[in-house]
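The structure's right below; bear with me while I get my questions together.
The letters A, B, C, D, E and F name the chains in turn, as written, and every chain counts its residues from 1.
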């Protein structure tokens, strides 16, 4: 039976998560130099096209079909075969909506990975990369934790994607950054965010969307959804304040880009734990999650690894923190499922650590292989000169901010083309 | 050699560019400036704050030319930029001591003549 | 009886559609030159004021009162007379909410038309225009399809506004562009989008809102709403990828402004069909809808018709495609109402073609007449000099991006006004 | 019993209100000069961190515990003690969600106050200020009207925060502006909004969020929520048009910043009355509320009071108008609770006036005292030189819009630091 | 005729403008530049990247005047722009070969004297 | 004294800055310009509108120096800004009649030598 209240909330939650992808585009676009703005934004927009299609064609099936405890689903649900109004077991919403909600996760996660390789990857190969990634990486990892795969049956708890979203994007980003290599000016010049208003607004919209992301992961407008929702408010708030303190300790100043980053880190950390821990523990989690991510984000630019927008630091690491935290602080009185170590169930910690072992490995290796294969077929990155000119002009033939002076209209079909000739010989 | 500075209306910038290209001027730099001349000021209001905007947007051309091209350049600028209404702009001509082309290190007249690349 | 789940979703869907109007303002504002930014944005904001009032006063009544099969409603519900908590037949939400949801469509559609005449129409006449348009054009066409008018009784299917929203705005835009005439620099200078980040963000927010637009057009958190919602994800995703391909074929580069346009086109195309066709057919629709809109948008600037932001290409044409598509591919097993030609019901195609005959004609003619009449009372467009200065300064006495240097404060009531005197004689 | 429909809507409404705080940041950031953009935005973001924590720790308890008719709650619910899935009396949603919804109001209100002191207050003291304010001012006033305090028992009607949100922020802003003092260039130079697109988009998003703010204040997806929602569309639409007229009368031009302001004023005015008056009266309220706010906003800059972003004019004054309006036009046939003077219940007007007496006084005095105390411990505002440089660089060590030229990378740990040495002696 | 270039602090730009108007200077162009002089550099931090901002925002005035006005102009610039702290800016005076008014084609001193329009 | 104007690629701006500092040049102003020279034009497309972008972004340095520093400055500019490909930019040298330091009113060579503050 379909419940209209559950359906109402899941419709909304799905819309919220879908909004996160353009919000991520904005967030990322603000963080790069102005000559790469559109290209960076387009990497997220592209995911809305490419990953959606892959998801409908095979991704959903890979993730959500097949028996219990497996590594990968099958193609029973490919091309949305049989996915209709009938709810899946344990939910009271049409499966079509369940499919859309889960698909929105795949789209966002694919877009997240782009943060590692902005300002240099070529757009064509990137499109093929996200097609492969959203078919071979995300759905497989989603199967493990959400689709009845081996982590689910082993007892690993992951409420809204610590495994297939956060660790997957973080460690895929690392692999991509290593394989693509650093930007040519990395470590030599200051490569700064060109518009921090976009960064703050993007982070604000991402947080807004995350209420659907976590709050919808109970698939119902019920107790667990409310718990997850509330924790998605409390945890990032604490991360934000913790980040303020860390910023003050480090440089005496609270930074805005730091605050935007903190919002993301807090949302990431609570993602796997949102429906499993009490609000007060969520606040603790939010606070402590700030520390490892902060350290990595400050330390990473001193290395040769140009994992440009710190997907690993913000997502991979905070995702691990959240997954492990469950092992200690899960509380059956809140989640109705399982306790953590602190509440007497040491086994839970083991289940959680299992995920921390396998997820990063699979994400890293599979992404590396995909990109390696692609690199044999075509160069993945722009030339040094193209990087200097900027990816917007080179890859898209556009600029984000155009003033119009000096732009001569090419009159197609007008026959005279005089001004062009003038310019060309000029 | 001379450095010709021309200040014109933004909406005429493309006409000026065309006039310059037509006159065979190949090197130039352009930037946005705000100017005050005899133009009418506009009043703007933001909530309770009313302001007089004393400056209008202009485009500034900076063009180094050899002596023989000075007149052509001035003419291109002034014909391309003219609307006949107050605010059309000004052209300034300055003497240049020397010019260097960064790419090759060539000097003076050599440097203002385009090289086939 | 009011259903809380349906009401919850319809509250949210209404909010989403209302958000689309500022999002459209942002989208349009990014597409114009910086000196016309605020004016363009304000045309959408104004619709939120003017069209809302017209809707509450008479529009809703014109659209949703009166008997079956008519051309226009009556004034029984004028000034919201009798519109209260009692649901309309066939819905389980208070009529007040139904009225607000339908009103949000009228507002958005009025704002859409402005895209044809930005950068030159005077703001005063524009305000009167949208008042008349949102009284005489939108409600009438909404009556035909949604309010029990002759198209509805004839059997034409239009889920969420292919007729009164998409064809209405597209063909009204054409009429307005023809009557107002081209911008003075049109065809002579390059008139480029001044901020493509706003364009992408605007498109992203519009898509987000469209989930409420289509998803809410079933007036319930039920099966049809879920179908419409899911199709609003799948179809535009396919349009996006199709547009990438068309862009590549044409110029070798995927463009960002193109991607933003594709999102709109895809959302438009699925709008009439969202609750009537299967997800897989929705993907097909999304794909093929790209082609006619693409061609028109590329071809139109070579003509003398300065239908500036291509409302006809993006809305009118894609709306027609969607309406006709229903005639072929509607599936009773999904929509519970009717099959299309492919499923054995050739009559449906006829019903759909009827709409394609009458809707553009009415929109074009009525808009043309309204503007023609207005033009007799006052000049509709700014002078050439005003166009050169920009509509922001001329119409609103403001600039979108102010740096503050050279702005002398006018101290009202301070008596001395010395600096002004200096400036004035300067 | 939990109702899934109510819960669905309240989840969404809460998310909408939480989105308002970044939207407010954007709105405010657009209104200041570019050198203070990030600082202004960060004041709102900080509220999401600081006020959230204060709310969870003690604020919620102060507001929503304790007996009837009191001045302040107690600490029974401190640290969310006992706040779980069980609904509060009269609602059908988990108390946790009720807490989050109410918390989102506290956050937003704290952020609102910052508008009075932007471009000069130091960020450290500001953080302490909002911590104290969101503990000692908002929760107390919320207790009076929402938490069973003396105004509630006296019969004062305040649907969604005319008292604790609008009057509280407006009069706190006045106190803060008086105590902090004017910006050094105030009244001497033109201090203009640097990006009015952000202002319009911010206002649009705020309106969007306000549908949750007012629509959610019935705590249910039912009749009253729908009434409040619809009125939140109708009233601001009328304010917008009224503002157009006032702008035309004053300067012959409709302004964009004015339109954005009108949206806020309209939303504020309907806030207390949203669930108590009929749609038509809501339109009247929206229209007349424009006048006092307009006059104050135009007049205030001629005084020495640099209440920079006119929180008093937009929120305090319009809040009072809304509160008083209820006293005249409340209609039991719509709200099921009480009539106003016009419908025969003169007492209601008295109850409303009581709120207008006590709320501004408490907000003003308590805010003044908090800031006065803080000012004894540390200087609250930046020096004149720092103001000249801009708060972004001085307080956060960042700039909103960076081009990157002239930025030399400091290679931490690289040992040579040659370029820095060069620069330093340069 | 001379071309006077004055580089001043942005926060002093309006004071300079007033000083110029008071001194009877009617034509000028203004643009934003970034300058390096003896000013303290500021350090900025974006996530893990710390940078030294070697340049500060300045406003550049460009004013063509006839000989007799040179001193007045320089004085207006330097008095209007002075705060006394490092970073106040510089004024440069160059010789102008000729000036043309775009609107009328008038030359030289004619062109720097305002015409009633 | 001379005024040296150098127009270089934006991506070389930091290298030029370093070269200038290394050469002991302490005062300079910098702005963004758009230039046209021998560079290839790029074609951009926005929906149905295709345009030829005739201008590329450049950075313009403006540096007042005493005679003895002219060569060093030109050299720093041209070495720091060189990539060897078309579009590297130009350097112009003009004669300066006088220089004034706004802060102190000091003149000429005094004003281009940095003062300990």
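Throughout what follows, a contact is a pair of C-beta atoms (placed from the backbone, for glycine too) under 8 Å apart; a residue touches a chain by one contact, two chains touch by 3 or more.
Only a predicted model underlies this, so the values are computations on that prediction, with no experimental measurement involved.
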{"item": "Number of hops, chain B to chain C, where each hop joins two touching chains", "value": "1"}
{"item": "Shared chain contacts [chain D and chain E, defined touch]", "value": "A, B, C, F"}
{"item": "Partner chains shared by chain C and chain D (touch criterion as defined above)", "value": "A, B, E, F"}
{"item": "Interface composition of copies chain B and chain E: same or different, split at half", "value": "different"}
{"item": "Comparison of B-F and C-E (more C-beta pairs in contact)", "value": "B-F"}
{"item": "Distance between chain centroids, defined by C-alpha means - chain A, chain D (Å)", "value": "32"}
{"item": "Centre-of-Cα separation between chain E and chain A, whole angstrom", "value": "49"}
{"item": "For chain E paired with chain F, centre-to-centre distance based on mean C-alpha positions, whole Å", "value": "17"}
{"item": "Set of chain D residues in contact with two or more other chains", "value": "3-6, 8-9, 12, 189-193, 195, 221, 251, 253, 255, 257, 302, 397-399, 402-403, 405-409, 412, 423, 426"}
{"item": "Touching two or more other chains - residue numbers and ranges from chain B", "value": "14, 17, 26, 30-32, 34, 36, 44-46, 49-51, 54-55, 85, 94-95"}
{"item": "Pairwise touch network: line, ring, star, complete, or other", "value": "complete"}
{"item": "Contact footprint of chain A on chain D as seen in their complex", "value": "2-9, 11-12, 14-15, 18-19, 21-23, 25-26, 29, 37-39, 41-42, 45-46, 48-50, 52-53, 56, 79-80, 83-85, 93-94, 96-97, 99-100, 103-104, 123, 127, 195, 198, 221, 392, 395-404, 407-409, 411-413"}
{"item": "Chain E residues touching chain D - in the complex, by the definition given at the top", "value": "9, 11, 14, 34, 36, 41-46, 49-55, 85"}
{"item": "Contact footprint of chain B on chain C as seen in their complex", "value": "185, 189-190, 385, 388, 393, 397-399, 402, 405-410, 412, 420, 423-424, 426"}
{"item": "Chain E contact footprint on chain F (complex, rising order)", "value": "3, 17, 26-31, 62, 64, 94-103, 105, 111-112, 114-115, 117"}
{"item": "Footprint of chain B on chain F - complex, ascending", "value": "2, 5-8, 31-38, 54-55, 58, 60, 74, 77-78, 81-95"}
